[in-house]
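These notes concern the structure reproduced below.
All chains are identified by letter, namely A, B and C, in their written order; residue positions are counted from 1 within each chain.
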Amino acid sequence: MSYLQTLRETTPLIHNLTNEVVINFTANGLYAIGAVPVMSKSLDEVSDMASIASGVLLNIGTVTSTDIEAMLLAGKAANEKGIPVVLDPVGAGATPFRLKTCHRLLDELEITAIRGNASEIAALLGEDQWQSRGVDSTGDGNVVKLAQQAAASLTCLIVLTGETDVIATKDETVVCQNGIPLLGSITGTGCLFSSLLTAFLSLEGPSVEKATEAISVYTIASEMAAEHANVQGPGTLHPYFLDALYNIRPEDVRKRQKVEAR
Amino acid sequence: MSYLQTLRETTPLIHNLTNEVVINFTANGLYAIGAVPVMSKSLDEVSDMASIASGVLLNIGTVTSTDIEAMLLAGKAANEKGIPVVLDPVGAGATPFRLKTCHRLLDELEITAIRGNASEIAALLGEDQWQSRGVDSTGDGNVVKLAQQAAASLTCLIVLTGETDVIATKDETVVCQNGIPLLGSITGTGCLFSSLLTAFLSLEGPSVEKATEAISVYTIASEMAAEHANVQGPGTLHPYFLDALYNIRPEDVRKRQKVEAR
Amino acid sequence: MSYLQTLRETTPLIHNLTNEVVINFTANGLYAIGAVPVMSKSLDEVSDMASIASGVLLNIGTVTSTDIEAMLLAGKAANEKGIPVVLDPVGAGATPFRLKTCHRLLDELEITAIRGNASEIAALLGEDQWQSRGVDSTGDGNVVKLAQQAAASLTCLIVLTGETDVIATKDETVVCQNGIPLLGSITGTGCLFSSLLTAFLSLEGPSVEKATEAISVYTIASEMAAEHANVQGPGTLHPYFLDALYNIRPEDVRKRQKVEAR
């Protein structure tokens, strides 16, 4: 049985504390894959909401100081319940505030996984060779090595996405090569993936295996969407990508998956 | 003359105090049907904005304590002006804060109508048989009886949506059977309907009649969208559903409407 | 060389302090045209973010008192760095708070350009003949004269959009006649244009020329989208319009452009 199938059968509730830009896309993407989204950053209820969820996603894309309090409350409730907490350090290197926020969340919470692009992961490690420019990822370094360093240093699962996707723990590394460049022209495709990763990590099973299937499902869905004759740019890719997340089957993943242990 | 036609000729301005997830979809859906949306939750202007509107929508989907103050100000301005105020109790049973918020709004304002799914309406009545899980509706109870109980107990128009849609006042009940399950895979389709309902209720005429036409227009538009060859999932349903709201004619409603008084 | 081509080669980072309704559409539209969006209204980082950007967009669509402080901080950082600051006075005449907010931003910041519809520009001038109704523009006055008056009185570039688009400084006026009415049925098309205008103004060159190309690219893209057989309403126009922004070439602009100096 695939994790995708289990996810659709168990429809995990994912509590997203995410940014205003991607909040709608995240909800639609979680529904499409078969999970159930809930969004709340109200201090009056985040602990209660995290307590009924199967996973919590913290995304700092438009974070404010009040949001940070909400993330700490939700994260602590999740830690107490033993459900996964995923951090998406959007634009971590763009401002000192973002970097400080990430380190505060990493210090005060048990983070299960970090999902970011190369420049965001590098920023968390204090490395300068990946320049952060807004929320974009640029730079050419060795992403496999970077993910492995981050996994060792930050002691959690690292999912580094980009042209090549890398999943790393201190013991294991998996490299995934599916996907299409055009996906990066839709805002929030990294953010939505972080939420889907949270949904997959909420299932039973080894983390690297679950993360590998999550990234394969997501990137193969983008390939399937791009093959549709109606898709001529990022505008049309958007609806067809959500359709592909809804329609993708375990056998599509098995046939197309380009995955390699390192 | 249909209410739909009147709505398109009078283009009512609807002031939405709604959640961050659905705010864009709500604005686009109101424009598509022929109304004019305005969104504001700023304490500095909500009273003024409600005063120039034809209807006010209160949606607690991502509500904060500041939002509640804004909803009370806008609701009071609407009550003074005599325009409809519609409450969407998103996920009312999910956390104590949401339930308390709903009761505060119901206590301090004259609410014209409540639009919710079965678990949300049940939560407002203090019933446990409909379990709330995030903002999803689950459970199998007798929705007609539930809507009637709510109308009697909460003394306002109840519009309970789901596989079967029920409109109830203390004197009348109407059951509507149009629509497609896939609509539930787009986030905010319940929320957008609450805003459209507000627009219909802002017109002259008996409330149950206006609510019935609102739900028929909405669900029949979803059927028309789903018939389009390009619609293969929730991603493509989204644009074609907005097109259907824009293109639906009164005669489409007359021909397809499945409505029954109880 | 066209500004469009330069924009795609230099991919300017645009810092948007914008409203919740259009924030996702704005980010997707900026990516589509070739710019890079960043969104932040956090007081803890807006100055830093504006300092690494090439342009700053201030949009008051759902503005709160905290947002105003953020806009002042970001605007001042932009002024110090000498990058353009564009104001979108959404619904300026709808409430006293919105009008007061616009005047405060105009008083305390050096605004490079204002992009609004006729009723918004008229509201800034204290004129009543263009009635503001929510964020809609209505009224029939002489928009060329209005734009010229605003340019003289507010001493910045005015880009007045509507059926006819007018670009005015105290010395020059250009009238643009491309575009389709249906674009107005998608929420945030004015707002997104303000962000694209910011991106064009961040390039080297004369302001009126850059603004003229920006409005031509945008409105011609809407024409190209509307010609697609799949576009049957505002729902389908949305993805095809984003595709058109992504695919439009300088030669499309040259062939279709309807521009006249006045």
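FYI, a residue touches a chain if its C-beta (ideal position, glycine included) is under 8 Å from a C-beta of that chain, and two chains touch if they have at least 3 such contacts.
Protein identities per chain, from UniProt: A, B, C = Hydroxyethylthiazole kinase.
Model, not experiment: these values are computed from the prediction.
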Chain contact graph, described as a line, ring, star, complete graph or other shape: complete
Interface residue overlap between copies subunit B and subunit C, same or different (over half shared): different
Whole-Å separation of chain centres (CA-atom averages), subunit B against subunit C: 32
Junction residues of subunit B - those touching two or more other chains: 20, 24, 230, 238-239
In the complex, subunit C residues that touch subunit B: 19-25, 61-65, 91, 94-98, 133-136, 185-188, 230, 232-236, 238-239
Complex contacts: residues of subunit C adjacent to subunit A: 13, 20, 23-24, 27-28, 31-32, 36-45, 48-49, 52-53, 230, 238-247
